[in-house]
Each structure stands twice: as structure tokens, then as C-alpha cells.
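Each of the next two complexes has subunit A plus one other chain: subunit B in the first, subunit C in the second.
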Partner chain A sequence: MKWPALFFIISATLWLLAGTALGLISSYKMHDPNFLGNWEWLTFGRTRSAHLNAVMYGWCNNAIFAVGLWIMARLCRTEIRHLGLLIVAGVFWNIAVTIGIGGIFIGDMTSVEWLEMPTYITPLLAIAYALIGVWGIIAFRYRQSEHIYISQWYILGALFWFPWIYSVAQIMILFEPARGTVQSLTNWWFAHNVLGLWLTPMALAAAYYFIPKVIGRPIHSYYLSILGFWTLALFYNWAGVHHIVGGPVPAWVISSGIVASVMMVIPVIVTAINHHMTAIGHFRQVIESPTLRFVVFGAMSYTLVSFIGSTMSLRSVSEISHFTHLTVGHAHHGVYAFFTMIMFGSIYFILPRLLYREWPSKFLITCHFWFAALGITIMIVTLHVGGWIQGLEMNNPEIPFIEVMKGTVPWLKARTISGFFLAIAHIAFAINVFWIVFFRQGQEDVVGTPTLFSSKQAR
Partner chain B sequence: MDWYSYIIIGFILAGLFFASALYAFHWASKNGQFHELEKGASSIFDDEEPLGKQTDFFPGHK
Partner chain C sequence: MNNLPLTFCGIFFTLAFAWIGIVLTNQIQYGDLEPTTEQFDPETGGPIEGDPLYPRKPVGLAEQGKKVYMDLGCMYCHTQQVRRKGYGSDYERAWGRRQSVARDYIYQDRVLLGTMRTGPDLMAVGERLPIPAWHYLHLYNPTITSQGSLMPPYAFLYEKREIKGSETSESALKLPPEFAVETGYEVIPGRRADALVAYLMSLKLDYDLPEAKRE
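Entry: the complex of A and B
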């Protein structure tokens, strides 16, 4: 597992840096539109979409491939086959995303949210993904473990869900576009499920593995975790409609989306109980482990963002929050505070064990954690509060639109500041990653850590 | 083929997908995945990383 995991982690880190830069530029342009205004390829529309896609298909997906496949390999406890497959897939995937982002910059962007990368790269993405999916299935088929741990369920589920939603979306929106609002429904079904049936299960798989693993206690209620998985599978895919509450779509469709969004409370509470009860009484260990700091932060964020999300889907709330910065804040809450923090924690666990080396700098890890935690908290608070105010004001016909927009500017400036904090955090992370990967030749200092490289475990 | 045909095919495939999920659940049940849950929860531990031992620390600390 060493070379593919390394490849994916390094790619993910590079995309993280690129995505952060694009996010910073976009954020700055929102309150200062003339910034970098001379360059056509850096107009807000392009940088914003490039940020979205770089972060999603670049950072998120590469991190998922690294972490999800590593956990899969470990839990299947089998000799790892066909590593070349994964590297080829990874190279194709990253080439495709690079061309895709380039396509956005030169103006070939599709107008579809979360599918902005031009369609000429879709086949390459599909091939790359197919190879990865095939690897996942082969690893599972040859597993040596009798029991299928909950993380494996989540990873396998995600591996099946993603190609399904991506293919349907590509076909029904871009290849042979459906009529009118069906496109919109498909779009948000896809976009929401990318978060809920791809990012979420992979992050939960990591949390369900690392929290018990690092603490040294099994999950509090395994039965609950199975319940959580199947209720997620049942409810999540209906929820996507909550992005267009109030839209020109039949009321029953909207209502089903709201119901499903609220029903999601069940798997979320289940997961929260499990993680909390497993970690309770062991908080000292959470502090002592870099992995757990990030993973527990992520797990707690999951509970919060999901409750906020369920609330946002209600008609009365959506009436205010829709089309405001609150949605953006919520999105970052989920993708960053939940998913990305868990991925950071996972990488802090995986990389030393792949390389037989310890992380070079404790200071950088601490720096990374605090700047990220602070940054994302500021971003979430400013966007939620600013967005809510924006929504209330927009619903008030007395207030001219331009005044509402001017009112959002301080919040947006605060968001840019939070973006700088995140950038610092990511630079700290990237330095540590490149340091441990490229500059620790000959310093095999695993004294004091348990050996984890028996033939039984995947490396 | 117009989009309508694609959506019909989509529905059929979605039905198959759903059926496979039902099958997966059924298989798991038959295979005994839902028995001995305590043992399942502990399956991530083994001799090298036994139950009760913390397995991750900041560099330089133990």
C-alpha cells in the first residue's frame, strides 16, 4: 500500500494548497472585485468554480483514495495485489482534474454546480475511478477477515455510490440533458449525494476506525453503528431536494426531501452516541494523539453540521437561509470541519506507518490544528450569522438590495481572514508532509512506537 | 435516444442498485455479520495493537 498511498497523499496535499489559494482569491474578490481584475482567467466565476473542483476532485478525492483504500487494505488483512493499478488510476485521475481545472480557467466551464469541469475529461475520470473501484472489490473479495468491520461497509458503499451518482448526473444533465427542472433536481441529487454518500461514508469509515483504534477500546455499540450505516443508506439519497425548497418543483418531491433530511437525524445521533461514548473518559488520549485531535473535531462537527442541515431543510428556515452565505458556511462546515479535519487526522496516522518514520515537527502539527480549528470556526460563524442577517433583510421589501449586499461585506472580510488562517494551517501541514516524505532518509526513528508492519497487516 | 429513454434506463438501473443493497443486507444477515457484535467491534485489534493500548502519540512523546 505504500506507493499508491504516498502518491495519493502527496497529490491531495498539492491540491489542498491549490484549492486554498483559489479559495482565498475568490473570497477576496467577493469584497474587493477589482483584485486581480486584469486577468480574464481569474474572474470570480472561474476562480470560485476552480476552487470548488480543486477542493472536491483534487483534495477530497485523493485523500479519500489514500485513506479509504489504506483502511480497506488493513481491514481486509490480505496481501495487497495490483498496486500498479492504483498508481495508474491515480495518475489518470490527477491528469484529468488538472486538465479540468485548466478548462475552467480558459472558459470551458459547464454551468452545472459541482460538475463544472468540462466534459472532455469525464471519460478519463471514469477510467481512473473504474480502476480504483475494481481494486477495492478485489481487495474485498480476497479478504482474510471473517467479519466485515463497519468501516469496510462504509467504504464499499461509497465506492459503489459515487460512480452511480456521477454517471447519472453526467448523463442526465450534460450528455443528454433532461427537460427543465428535472435537470435541477438531478443536479442537487448529485451534489448532495457527493457529500453524503461519498465524502460522509469515507469520513465516517475513518472515524469508526481511528477513534477506537487509537484509544484502544472497541466502538461503544457496534449494533448502533450498523443501524447508522443502513439508515444513512436509506435516507440520505432522498435529501438532495432540500437545496431547492421553494423551487418550481412538485411539493411532494420537496416534502420528501425535507422528511429525509430530518430523518437523517437518526444516523447522525447514532454516530454521535457511538463516537462520544467510545471516547468518554479518555479525553487525555484525544489530546495526546494528533490523529484523534483532528478526528474527534471532525466527528463533533459532523453532529453539529447535520443538525444544522436538517433544520435548514425545513421550509420556514429555508425561506430565510436559501441563496445566502449561510449555505456556503454550511457547506464549508461539512466539507472542512467534518470531512477535511478527519482526513487530516487519518493522514497523521497513516503516513508515519507507511514510512517507518515519525513526524518531524510537533510544532507544525499543533500549528496546523489550531489555525485550522480557529480558521474554520471563524468562517462558519461569520457566514452563518452574516448569511442569516442577509436572508432576513432580503425578505424585507423595505431594504434595498444594494444595502443588503453592503451589509454582508464585513462578514465577507472576516471570512477572508479566516481563509488566511486556514492557509497557514495548510502550509504547516504541507511542510510536515514533504519533510517526512522527502527529507528523512536514514532517520528510521520508530523507537517507542509499536511495530505495525507484520505480514498480517497491510503496509 | 432522448433524455426520457435515459431516465427510464436510469430507473431500471436504480431498481437493480436498490435490489443489490437489499441483497447485501440479506447476505450479511445470513453470513452471520450481525451476530457476535462485541467480537466484531474488537476485530480491529490484534497482537500488535491490542485492546487497551493507545496507538498514536505526538512525535517524541510516548
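Entry: the complex of A and C
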């Protein structure tokens, strides 16, 4: 698993940098629309879509392929064979995403949210995914361990769910479009499930693996983890429809989406209790271990973002929050503060074990954590507050629309500042990754224990 | 959870349940909606024979304009859906004289409901702002018509060229002095700008449906 994992981690890091740059450009354009305004390929609609697809299919998926498959192989106590094939599939995945984002820039965008990449790369993506995802299943099939851990279920479920939602969405929206707003329902069933049935289970699998692993004690409750898994599988599925509250679709389907969104409180509380009870009394270790710092930050964000999400789905709240920057803030809350932070933590654990050497710079890890944590907090707060004000003003017909728009500018500027924070964090992360991978320091190959800030191994 | 087949069934059926509920059931419920007349015939309960059918089929240039709308990503700031009166201020802001309903979208190959209103809703922009010249100026540089707008300029859909002869072309933009180009030059909308404006002009909610009447 060493070479494929390295390949995916490096690809993910490169996509993260590209996605950050595109995000910053888009964010800046939101309050200064003339910025880079003369180039058609850099118009706002395209840069923001390129940003979304670069972070989603570039960063998130590559990180998942590395972390998910690595955890799977570890827990199954098995080797992943035919590594060459896996790397070839990975190369094709990355080529497909690159072409797809190029397609967005040259004007082949589909304008279907979360599926902007043109249809001509769909087959390539699908085949590459199949060749990557199947390794997780093969590893599971030939597992050497008797016991099956909760992380394995999350990973297995996600590996199976993602291709299903992806192919249904591709077919019913792009290849053989359904009639009218059935497309929109399919679209949000897909887009929300990318978060709910792909990113979330993978991040939870990592949290369930690393929190007990680094602390060195078993997970608090086996039964709670089962309850969490099945309620998530049952309710998250239905929640996506809350993105079209008030829209031209049957009221019953929206109501069921709202019910499911509220029911999501159950898996969230269950998971939160389980993680909290595992980590309780070991606060020192959470602070000391870079992995746990990131993972626990992510796990706590999961609880918060899910509660906010359940609230936002209610009709009375959605009336205000829908169509505003609050939704954008919420998306970053989920994908960044929860998912991405956990992936960072996982990579801090995995890379030293692949390379048999420690992280070269403790300072860069600290930098990464604080800039990322501060940056994302600023972004979430400004977009939530700014978005809420925008929503209230938009619902007051006394205020002209242009004034509502002008009112968002200070919040959007603050968001750009938070983007700079994140960019610094990511550069620190990238330097550290390339440093550990490509430059061998004269260090002893001493890895058996997790990286700790206080340990002498790390400088 | 060590019972493998059972767990696989669980993983399969949880997703199948939602897929059937959200996607398939709705496809069956209203996936074959047909256009109809403004009112149903009280006797047959169906469309009145001879009356015009709504929604209208999209035509020619406007359809090409929709492609431009899509490849520029307009829908990431503009929705195309009007919520019912009393829910939000869509009605009061004159974004539509009635709620938009599922039947309004049946002729659209790609439905662009949108989820973000950085800019206003465009479901009925062809009624609300019916003057093409306004749209040509607004797309060229939004601040000409809307001071303080955050919309990006789409000047790349236009062509700046030397005025041939003594008269400016008929389609040249009538730019206010502070936005004017050098003397001897004029700004002409390109083919894609024409298509985009035609598309925007075609966006209307100027008909009733049996299930949604204008107020």
C-alpha cells in the first residue's frame, strides 16, 4: 500500500493547493467583480465551479483513496496486491479530473451543481473509480482478521454507495434527463449524499480508527457505533431534499426530507457521545498528538455542523437561510471543518508509517493547525452571520435588492481574509508533505509511536 | 455486525429506500406531466380543446442563449424559481406573479432552479425587465444600469470595433459617457450576447396553469 498511498496523498495535496487558489480568486471576485473580469475562462461562474470540483474530486477523493484504503488494509491485516494497477487507476482518475476542470474553463460546464465536469470525462472517471474502489472490497474479502471493526463498515458502505449515487445522477440528469424538476430532486439527492454517504462515512471511519488508536484504548461502546452507522445510513439518504424547500416539487417529498434531516440528530449525538467517551480523560494526548488535534477538531465540527444543518432544513429557518451565503458557509463547515480536518489528521498519522521517518517540521504542523482552525472559524462565522442578515433583508421587500447585495460586501471581504489564512495553512502542510516525501533527513527510522509535539523525534 | 450478508442487505436497502422514495416515486408521480391549457375543461377534467397550451416550447435563439447561460455559470448566483406568496418576498419583489410549479419546467432539458440568490431571481425576468437594450448594457458592464452591483462584467461577449463610414451600427451599445470607448470605435454585441439576451427575454411566467393562477 506504500506507493499508491503516497501517490494519492501527493495528488491530493496538489489539488488542495489548486483548489485553494481557485477558491481565493472566486472569493475575491465576489466583492470585486472586475478582478480578472476580462478573461472569459476566469469568469466567476467558472472559477467557483472549478474550485468546487478541484477540492471535491481532486482533494477529497484522492485523500479518501489514500486514507480509506490504508485504514481498510490495516484493519483487514492484509496486503493490497497488484499495486501497479491501483496506481494506474489513480493516474487515470487524476487525468480525468484535470480534463474535466479544463472543460469547465473552456465552457463545457454542465451547470448541474456538484456535477459541473463535462460528460465526456464521465466514463473515464467511472472506470478509474471502479478500479480504485474495488481494492477496498478485495482487501475486505481476503481479510486475515476475525473481528470486523466499525471503520470497515463505514468504508465498505461508502465504497458501495458512491458509485450508485454518481451513476444515477449522471444518467437521470445528463445522459437521459428526467422530465422537469425530477432532475432537481435527483440532483440534490446526489449532491447531499456525496457529503452524507461518501465524505462523512470516510471521515467517521478515520475518526473511529485514529481516536482509539492514538490514545490507546478501545472505543467506548460497540453498540452505539452500530446504532450510529445504521441511523446514518437510513436518514442521511433522505435529507438532501431540504435544498429545495419552497421549490416547485411535491410538498410531501420536502416534508420527508425535513423529517430525515431532523432525525440526523440521532446518529450525530450517538457518534459524539462515543468519541467523547473514548477521548475523555486523555485531553493531554489530544493536544499533544497532531493527528488527534485535527481529528478531534473535525469530530467536534461534525456535531456542530449537523445540528446547524438539521435546523436549517426547517421551513421557517430555510425561508431566511435558503439562497444566501449561509448555505455556502455551511458547505465549508461540513467539507472543511469536519471532513478535511480529519483527513489532515489522518495524513499526519499515515505518512510517517509509510516512509519510516518522522515529520521534518513540528513548527509547520503547528502553523498548519492554527491557521486552518482560525481561518475556517472566521469563514464559518462571517458567512453564517452575513448570510443570515442577507436572508432577513431579502425577505423584507422594503429594502431594494441592490442594497441587500451591497450589505453582504463586508462579510465577503472577511471571507477572503479567511481564505488567505487557509492558503497559509495549506502551504505549510504542502511544504511538510513534500519535505518528508522527497528529502531524506539523517534521521533514525524510529516510527512505532504516533507523532507527538513533545517527542524528541519531531524537531 | 459480523453477519455479512445481512449487513450488505442493510447497506443496499437503506440507499435503495431513499432512491425509490425521492427519485423513482416522484418520477412516477409527475415525471410525465404534459402541457395544458390555462384552465381545465369542467366537463372532461382535461385541457380545453383549441386553447393554447402552456408552458410554451423553447425556440431557436433562446435555446442557444441557455447554453451560454449554462457555460458561464449564471445559475450559481441567479435562481429560476418563484416561491409562493407569503413565503419569502418573491412575490413582493415582482420576481413572478405566481408561484412557479413543476409543470413550468417540463420542456427544459436542463432544469436550472439554482440555490443561491447573490443576484435576483430570473424566472420571469423577460416580463420584469422587458427591454433588450437594458440587458445588453447590463451584461456589458452591470454597473452601467445597477450602481454597486456585484455581477461580473461580460464584456468578452461583445466586440469593440472601428466605426465604418460615418454612422454607428444599429446594434452598437449606447454607452453613457463615463463608460464610453475611444472615439471612432463602437461596441457591438457578439452572437452569444444576442443569444443570451434572447434567452433572458424568453423567461416569462405570463400564463396561468390550472394549479397556479396569477394574482
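In the analysis below, the second predicted complex is superposed on the first by the 441 of 459 C-alpha atoms of A that agree within 3 Å, B and C clash if a C-alpha of one lies under 4 Å from a C-alpha of the other, contacts with A are read in each partner's own complex, and residues count from 1 in each chain.
Heads up, the rule we're going with is that a contact is a pair of C-beta atoms (placed from the backbone, for glycine too) under 8 Å apart; a residue touches a chain by one contact, two chains touch by 3 or more.
All of these numbers come straight from a predicted model, not from anything done at the bench.
On the superposed subunit A, the positions of subunit B and subunit C overlap enough to count as a clash.
In the superposition on chain A, A:120 makes contact with neither subunit B nor subunit C.
By the touch criterion defined above, A:395 lies against subunit C but remains apart from subunit B after alignment on the C-alpha atoms of chain A.
Once the two complexes are overlaid on the shared chain, A:439 sits clear of subunit B and of subunit C alike.
Contacts of A:168 after superposition: both subunit B and subunit C are touched.
Which of subunit B and subunit C touches more residues of subunit A is settled by the count: it is C.
By the touch criterion stated above, A:178 is placed in contact with subunit B and with subunit C alike. In the superposition on chain A, contact of A:45 is made with subunit C only, not with subunit B. By the touch criterion defined above, A:111 reaches subunit C but does not reach subunit B. Look at A:34: by the touch rule set out above, it reaches subunit C but stays clear of subunit B.
By the touch criterion defined above, A:142 reaches neither subunit B nor subunit C.
Among the candidate segments 8-16, 44-52 or 62-70, the part of subunit C whose C-alpha atoms clash with subunit B in the superposed model is 8-16. Of the residues of subunit A, those at positions 147-148, 160, 164, 168, 172, 177-179, 182, 226, 230, 233 touch subunit B in one of the two structures and subunit C in the other. Partner subunit B is touched in their complex by these residues of subunit A: 75, 145, 147-149, 160, 164, 168, 171-172, 176-179, 182, 209, 212-219, 222-223, 226, 230, 233, 285, 288-292, 348-349, 358-362, 365, 448-452, 454, 456-457.
Every residue of subunit A that touches subunit C in the complex is listed here, in rising order: 29-31, 33-34, 37-40, 43-46, 48-49, 107-113, 147-148, 150, 153, 156-157, 160-161, 164-165, 168, 172-173, 177-186, 189, 197, 226, 229-230, 233-234, 237-238, 240-241, 243-244, 246-250, 253, 256-257, 319, 322-325, 327-328, 394-397, 401-402, 405-406, 408-409.
Residue ranges of subunit B in contact with subunit A, taken from their complex: 1-3, 6-7, 10, 13, 17, 21, 25, 28, 33-34, 36-46, 48-62. Interface of subunit C with subunit A (complex): residues 1-2, 7, 10-12, 14-15, 17-19, 21-23, 25-27, 29-33, 69-77, 79, 81, 83-84, 87-89, 92-93, 99-106, 108-113, 115-120, 142, 146-156.
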